[in-house]
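So, here's a batch of structures to check.
In the two complexes that follow, chain A is the common piece, with chain B as its partner first and chain C second.
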Partner chain A sequence: MVPIVQGLLGALTYRGSEGQWAWLLHRLSGIGVLLFLALHILDIFLLGLGPGVFDELLFIYKAPPFRVMEVFLIFGVLYHAINGIRIMIIDFWPQSTLVQRTLFRVELVIVAIIFIPAAIAMLAPIFRG
Partner chain B sequence: MQVTLRIKRFNPEADTQSHFENYQVEVEPTDRVLDALQTVKWYQDGTLTLRRSCAHGICGSDAMLINGRNRLACKVLIRDLGNKIQIEPMRGFRVLKDLVVDMEPFFAKYRQVMPYLVNNDPVPQTERLQSPEEHERFEDTTKCILCAACTTACPSYWSNHEFLGPAAIVQGHRFIFDSRDQLKSERLAVLNDMTGVWRCRTIFNCVEACPRGIDVTKAIGEVKKAILFGKT
Partner chain C sequence: MSASAERIARARATGNSFEVLSWFFMRLSGVILMFIVLFHLFYMHFVIGVDKINYALVVQRWENPLWRVFDLFLLFFALTHGLNGARYVIDDYVHGSGLNLLVKSIVYTLGFALLLMGTFIIFTFRITS
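The block that comes next holds the complex of A and B.
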């Protein structure tokens, strides 16, 4: 088995706590954001084929399922960024490991405060029709 | 009370793959998992193989995966687990038989950090003294019993067996921050390698697993900072 997959699968079956889930979500959100970035590079590349082709393909981004995926994207970027700050705090102030659970909970609150209104604003047009 | 032990078994002479076997054992709630395992070995199935030595949480022989978490079998009480207990060998090491794993790669990494005091000054008449404050810098990491519970709970280690692992870094920390030691730069060089401290992703599984309550991630963080800023 590919070692990195071994690590991820191991984490799914080991009963770790906050730190392990924070790490797993960090990895998954990182992969998700990377995939979206690849897609974005591809669609910008299509602009080279002329504005007509680009406009033609924009319907994909306007479709409701894609809007839902964009909500996931916002969550991924937001979580990855704020969790990254948490990791930096732990790396540069090792004393903070003593309150690592609290740090993770504070992080989740910050993510929720920004993400929930953003998600509502993004999904509202779908429900308005 | 009656408990069911679900034990992962592997006999290298007969099995190609490991499998689980169930055992019903009569135990007291205040018994430890080790007592239940010994009851199985002594009265039900003598082929069950496990390591244990002192049985009092000091020698570090009986670390294993108990209900999904790395624990010392001699320190976990049955009443804290309920009546269904799953026991597996530690992850990331080759299983020799049942719950016994090959610890040699673990000790090879331990030796890499040179876990002994190096001081080339003339041997003094009395002890090499240090202040309580100087000792306090590495007091926490002197508690390690080399049970490997931390290293085998670490997803970074599962992904990359070249990684020195939390236990070896803890041992390095114990000497790097010792005011009497004179081999700090060599130790820091070992830990600054691709397989050293930078593989730590601050996942905290090691801290959760340590039966001695060592704040492993803090120790690793201190080594990272010592490498980065050159201060011990």
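The block that comes next holds the complex of A and C.
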């Protein structure tokens, strides 16, 4: 565990400008989405136990705390996807490194434009009761 | 220099094509995932809605073999892209060849088990015809 903690602390204190935050968020969102994917494969595997067990366990996903987790998931997937596009732009068009700060800010705006309405729509049912 | 950058430098020096293929695979699977994951999330959250997801819905959805094919692609690309990402993360933080091998063995074994479980349920779930 210690190297992981050291690595994360190292990452958090390294330079700290756009490129580093883009990298750190890409890594954290990637790990988060992978962990959710593992959970999701396990829950779908439980379909094999029949409707009784499967529908009984679905209350977990429908509970308010999990609805909030799902909003994090949507953010993680969206960020990872849009940041992946930024990475590929930089890979295949090296001159874009000259405007990489702007590229990252544009990316955040695009993520926000898609994420905010999606998050509101997803959280609304909790408040409606 | 991070472990992944070192690996790429070593790959260039020795002509190791695995890391080049890995780099290319991340871009290719990333673009594929951008379409199928975002469509999957949009469809399940906004076309169907989390409240309506249950056993009966999966039965109905998987009556169409095209959905099974879609989900198989989703499973395969998400898991392989995620596990290859996990490999980068492990190489960045877990040093020492013994520990590195141990952590990778555990993660790959779990990943392979998840791939088998997911594939199994997609191919065998209520095949009636």
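Here, the second predicted complex is superposed on the first by the 121 of 129 C-alpha atoms of A that agree within 3 Å, B and C clash if a C-alpha of one lies under 4 Å from a C-alpha of the other, contacts with A are read in each partner's own complex, and residues count from 1 in each chain.
Following the convention adopted for this analysis, a contact is a pair of C-beta atoms (placed from the backbone, for glycine too) under 8 Å apart; a residue touches a chain by one contact, two chains touch by 3 or more.
If you're wondering where the values come from, they're calculated on a predicted model, not measured in any experiment.
Annotation for the three-chain superposition on chain A: chain B and chain C clash.
Within the superposed three-chain model, A:Arg128 lies out of touch with both chain B and chain C [touch as defined at top]. Look at A:Glu18: by the touch rule set out above, it reaches chain B but stays clear of chain C.
With both structures placed on the common chain, the touch criterion links A:Leu34 to chain C but leaves chain B unconnected.
A simple residue count on chain A separates chain B from chain C, and the partner touching more is C. In the superposition on chain A, contact of A:Gln100 is made with chain B only, not with chain C. Within the superposed three-chain model, A:Asp91 lies in touch with chain B and with chain C [touch as defined at top].
Legend: residue contacts after superposition of the two complexes on their common chain; A:Leu47 is shown touching chain C, with no touch to chain B.
When the two structures are aligned on the shared chain, A:Ile4 is found in touch with chain B and with chain C.
Of all the stretches 41-49, 95-103, 185-193 or 221-229 given for chain B, the clashing one with respect to chain C is 185-193. Overlap of the chain B and chain C interfaces on chain A: residues 3-4, 7, 91. Residue ranges on chain B touching chain A, taken from their complex, read 65, 67-69, 91, 153, 155-156, 158-161, 201-205, 207-208, 215, 217-219, 221-222, 224-225.
Of all residues in chain A, only 3-4, 7, 27, 30-31, 33-34, 37-38, 41-42, 44-45, 47-48, 50-51, 54-55, 58, 61-62, 67, 70, 74, 77-78, 81, 84-85, 88, 91, 118, 121-122, 125 touch chain C in the complex they form.
Considering their complex, residues 3-4, 6-8, 10-11, 13-20, 22-23, 87, 90-92, 94-95, 97-98, 100 of chain A touch chain B. On the chain C side of its complex with chain A, the touching residues are 27, 30-31, 33-34, 37-38, 41, 45-46, 50-51, 53-56, 58, 75, 78-79, 82-83, 85-86, 89, 92-95, 110, 114, 117-118, 120-121, 124-125.
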